[in-house]
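Naming follows writing order (A, B, C, D, E and F), and every chain is counted from residue 1.
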Amino acid sequence: MTPVVVRNPPRADADAVKELERFGVATVHEAQGRTGLLAPRLRPIYPGAHVAGTAVTVSVPPGDNWMLHVAVEQCRDGDVLVVSPTTRSDAGYFGELLATALAARGVRGLVIDAGCRDVAELTAMRFPVWSRCVSAFGTVKETLGSVNVPLACAGGLVHPGDVVVADDDGVVVVPREEAAAVAAASAAREGKEAVSRERYRAGELGLDIQGMRDRLAAKGLRYVDHAPEDQQR
Amino acid sequence: MTPVVVRNPPRADADAVKELERFGVATVHEAQGRTGLLAPRLRPIYPGAHVAGTAVTVSVPPGDNWMLHVAVEQCRDGDVLVVSPTTRSDAGYFGELLATALAARGVRGLVIDAGCRDVAELTAMRFPVWSRCVSAFGTVKETLGSVNVPLACAGGLVHPGDVVVADDDGVVVVPREEAAAVAAASAAREGKEAVSRERYRAGELGLDIQGMRDRLAAKGLRYVDHAPEDQQR
Amino acid sequence: MTPVVVRNPPRADADAVKELERFGVATVHEAQGRTGLLAPRLRPIYPGAHVAGTAVTVSVPPGDNWMLHVAVEQCRDGDVLVVSPTTRSDAGYFGELLATALAARGVRGLVIDAGCRDVAELTAMRFPVWSRCVSAFGTVKETLGSVNVPLACAGGLVHPGDVVVADDDGVVVVPREEAAAVAAASAAREGKEAVSRERYRAGELGLDIQGMRDRLAAKGLRYVDHAPEDQQR
Amino acid sequence: MTPVVVRNPPRADADAVKELERFGVATVHEAQGRTGLLAPRLRPIYPGAHVAGTAVTVSVPPGDNWMLHVAVEQCRDGDVLVVSPTTRSDAGYFGELLATALAARGVRGLVIDAGCRDVAELTAMRFPVWSRCVSAFGTVKETLGSVNVPLACAGGLVHPGDVVVADDDGVVVVPREEAAAVAAASAAREGKEAVSRERYRAGELGLDIQGMRDRLAAKGLRYVDHAPEDQQR
Amino acid sequence: MTPVVVRNPPRADADAVKELERFGVATVHEAQGRTGLLAPRLRPIYPGAHVAGTAVTVSVPPGDNWMLHVAVEQCRDGDVLVVSPTTRSDAGYFGELLATALAARGVRGLVIDAGCRDVAELTAMRFPVWSRCVSAFGTVKETLGSVNVPLACAGGLVHPGDVVVADDDGVVVVPREEAAAVAAASAAREGKEAVSRERYRAGELGLDIQGMRDRLAAKGLRYVDHAPEDQQR
Amino acid sequence: MTPVVVRNPPRADADAVKELERFGVATVHEAQGRTGLLAPRLRPIYPGAHVAGTAVTVSVPPGDNWMLHVAVEQCRDGDVLVVSPTTRSDAGYFGELLATALAARGVRGLVIDAGCRDVAELTAMRFPVWSRCVSAFGTVKETLGSVNVPLACAGGLVHPGDVVVADDDGVVVVPREEAAAVAAASAAREGKEAVSRERYRAGELGLDIQGMRDRLAAKGLRYVDHAPEDQQR
């Protein structure tokens, strides 16, 4: 794969992105059939951030952040930058200067399966980052990578223009073509949960709300009263 | 081991639990001879929580949270749910709906050697969770497990009815039969530390407060003044 | 290596330490040629701490904190205690009593490639700790180690009297003899970044600010417009 | 929990142990309902070992192997020593001398959720060890633990006298009381697999042998022929 | 993404695969510009295996190997099965029966970012597997996944029909369309290395063979003779 | 720290190195007071290697092996190359060509806290390597590091000229000045163990050989006979 920068990939529909932003990562992930979730090693650098945007993807060499500067130029208002190194790297690819550049273009945040630094400054700016680690280790600018190519990032597959939703629970990717459908499924799921929530709050059991008792019995679940001789296992 | 739900195991004495709640995890762990501490990979989802309660234990398959719904019915006011998968799982077994169900029954918190999700909502509810990771990955409801059986959880052994104490330092388990004795030992330890604390604050050294100098010398500790040629090692 | 306590090693110049404290860890690390950074597994127990001080080093056996008490006596106002076990240990070597003792001597904080406990109390005291993990597991006092010897800690090399700078990004060590030079280089770097920051904020690109376009082209970077058939890779 | 050595716990029936030794770890684990498997971090120090025996359990402090010497005296012909530290330790608790002592008593092997050393010598002796790591780091003999108490080891729960089966796939624990039943279930499973194996070898598909096609269709699995436009996801 | 099985994706040219099999993973990875290497956590279950084949990809739920049976039917002579779970799983998805089924169809091996079991039997069969871990933990057959879709596996991106080369150094993926070009580049690289090897064997230095001295000097590398006072850093 | 190559550091006495080579890593580590052992993540690429030599140290940037070529020139017959990156790197710094160059100079082996590749070829050459991982990921040659400076490697501190002993148990470093003393202490330890070994083989217990019974009793160890009611803990 020779290094390449792909300009102007199609982005997911802006209305669908806006709609998806209303939902949490867990809801979106469930609504699309438990797919698209990135690995839980990606953690937000501060609590409370919740964004949705369209992916600009970047494949970077380990310890080299040159392509991030290239990628900035490809970003538009409403994008989220998604970065993955070609092999594990704990270096700090991203800090306050790049965040300033991205914020100036309306980018919503960064997802990176590597390190981030300047976290105090990024927190003060409220520029959200989901990263593998916090690391001040500096990077070089020597080797090319690619921008806006399909990317394996933290166990997930991200195409440029896909929707990225990120909150305190992590990061989920919604394929561009499915954004509207997943937003609708998310809304449906949330509606259903709102009803359940009231019943749970009133003390009802999931066993009854979801009608699980027969199936549990059919699978062979036994209930026994505690007896001292049972306690050994 | 066939799946089983044990009803009504004996709980630790409520007064002892209440007494243990006064102490930090480190104190309780030391007071019972440096045992009972669960692995430090269990971290609270928000800072500042501090609970004590009686364990309802749940052995779950990887990626399957069906038994949590079964376990809810076995919980009472003052319990803490303790969950461990039969092999490592990073799935998000627990979220806001189950927390609502547990809170409605007076459960004090959750300890789980797996993933938790909806952490923003759980934080807002102040329902404390100590978990291995934060993960939105969804679970299925296909395979049975067991409730209120002895459980290996995060390197510790937990019996139903044991006391669980959890705070910012982690999670410690106190055997049911020893709850009152450990509470008393914790109080004793804390009293002793209060005295030491004043002496430390006044600038006294642990070497003197604890009378360590002779034993250090007997073990062969040497003191030397710095000399440039010493610095190489 | 027989256990030894080295008294009165030379400390870095106090003015240089004070000057270095003005800078973030990332800046200092870059200013000294991307060296001296400790591994990112060392994390602060609470956000917002930022200290600089002179290292008092402690080599400790796994699970044994006896030498910390010995080290307290060797500490002076403005020091930072730096502790590393001879093999990996997740035990909780350090808590509120030792912090009280160190604070009474003017010590600025602790860096430890092992566990720390009493984090709620330490946070309340504002005694900052950078540690590998939070763990309440208790330690013994049976085996000697050494104080103020050169130390491998979290992948870095620390000599007694070196400057330690720590903030939300991690921990960096500056050799004692180079403290003033690194402070000057840090100031220079920060000045340069302030200029760049304004340009980034105004929407200029790093590609232009740093003049990268020619070198990227020379390395062979290609730009292509998105075409559906390109999207497969 | 005060330190204690329990003498003469009941052992699983010797014939059942002998019978279980015929089966691999995967078969036994499946035969008892996918329970009892210890974490895959336990690896054999050399390939090809396959043993079954009755557990003598040892709870040890981190970095302290004193109780292993105590445990040797409690071992009999046909036992397997099972050791777990109270918090993570990478120390090398076990080497050639202890193996010589155990071999002299007819002990079949060691399972330890910590480090092992002298692996060249142990391999030459053909004394099998399943351990978390290979580590030469030495241990002390200062702190007590317990022998023949229920033990959480590598995520599993082991009682003294349980059957331990270990091979290249890892380690599984069979509760003492269920040894004969699990041996019978293992034999049944193996017989069934032998039949399947012949069919697989002849080129039949699991889809047909296990009759999966209808259920897959009912769950909604779609088959499509490759078309270039399908390839983007 | 709804579960789907894509039939008959194009495979890389058989001659190119055969040619690529002549080269080691490191050579192929370098020849295609240091891309395509899967994470080093994938290790062979026995040393000495070296295969190349065309990828049949499988996306599987955690702890559920149902889709492996579906995938077998899609495999042809010369394929390599490539499997990745949607979130981390240490379960043992694959064992001797599936290997028998794959071997009957001429499949060359398995690459799986999860667990494998029956490693003694697989070794005896010489069916090579590169896996994240060895684990006997059993899987269920309850949830669908997809076959022959683009897959993120161990940090890399694999399309059905791509070439997979695997040996003792790990696993590398070559895009289908680039197979012949990468084979040619690998041959060129190997030819060049053969020449270098002779020069290295004769005692020449890489500094001279690769003409590095001037560039090192230009970067500022200093040579100094050892002096005691230099040794402190 | 500006990059530097230190020429001709003093080496440990050749006779002491030769003597140390007779002993295993565990013995040497114990003989020098349980110090000097590198972390157990360093594993040999093939079993059975056992070497001792004098350290040539190399500090390398992450993912950049340029300095290895520089270091080769500084190596002499009987040396061991010891390499550590300035932050974690899983790249494959070292392969067959560099091994050929080192072997031509009489270097005994490599210790590297990063990745190694060409392991099949290195095994065939019998050039031993202890590394953090096996990884084919290629490195660049862009950034300087230092040769023959004190080095933190895998948790240990290595000076140029120190003795490195490595075998199947791992790697231990003996300070240059202490080589002869540690060799003598190793011989003494081994002699003592030979006597113990015979007694263990004859069935004597460590409890008696090492006279532990009184001290165990004094610490409070209790022996009890198994009773069913004891078994719950």
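Note that in this section a contact is a pair of C-beta atoms (placed from the backbone, for glycine too) under 8 Å apart; a residue touches a chain by one contact, two chains touch by 3 or more.
Everything numeric here is computed off the predicted structure, so don't read it as measured data.
Visitor: Using each chain's Cα centroid, which is most distant from the centroid of chain A?
Guide: Ranked by distance of C-alpha centres from chain A, the top chain is F.
Visitor: Using CA atoms for the superposition, what rotation angle relates chain E to chain F, in steps of 5 degrees?
Guide: The two chains, chain E and chain F, differ by a rotation of 120 degrees.
Visitor: Are the interface residues of chain A and chain B largely the same numbers on each copy, more than half shared, or largely different?
Guide: Mostly different residues.
Visitor: By CA centroid distance, what chain is farthest from chain C?
Guide: Chain D.
Visitor: Rounded to a whole Å, what is the gap between the Cα centroids of chain A and chain D?
Guide: For chain A versus chain D, the centre distance works out to 37 Å.
Visitor: CA centre of chain C versus CA centre of chain F: separation in Å?
Guide: Comparing mean C-alpha positions, chain F is 27 Å from chain C.
Visitor: If you average the CA atoms of chain B and of chain E, how many Å lie between those two points?
Guide: Centres of chain B and chain E (C-alpha means) sit 41 Å apart.
Visitor: Multi-chain contacts only, two chains or more: what residues does chain C have there?
Guide: 1-3, 34, 37, 39-40, 61, 86-88, 90, 135, 137, 143, 150, 157, 159, 175, 231-233
Visitor: Give the list of chain F residues in touch with chain C in this complex.
Guide: Contact set of chain F toward chain C: 1-3, 32-37, 39-40, 59, 61, 84, 86-88, 150-153, 155-157, 175, 178.
Visitor: Can you check the complex and tell me which residues of chain A touch chain F?
Guide: It comes out as residues 61-64, 86-91, 135, 137, 140, 142-143, 231-232.
Visitor: Quick one: which bits of chain A touch chain B in the complex? Just the residue numbers, please.
Guide: Its residues touching chain B are 24-26, 29-30, 34, 37, 39-40, 43, 47-48, 50, 167-170, 172, 193, 196-197, 200-207, 210, 212, 216, 219-226, 230-233.
Visitor: Which chain E residues qualify as touching chain D in the complex?
Guide: So the residues of chain E in touch with chain D come to 1-10, 46, 66, 69-70, 72-73, 90, 92, 95-98, 100-101, 104-105, 115, 117-121, 123, 133-138, 141, 143-144, 148-150, 159-160.
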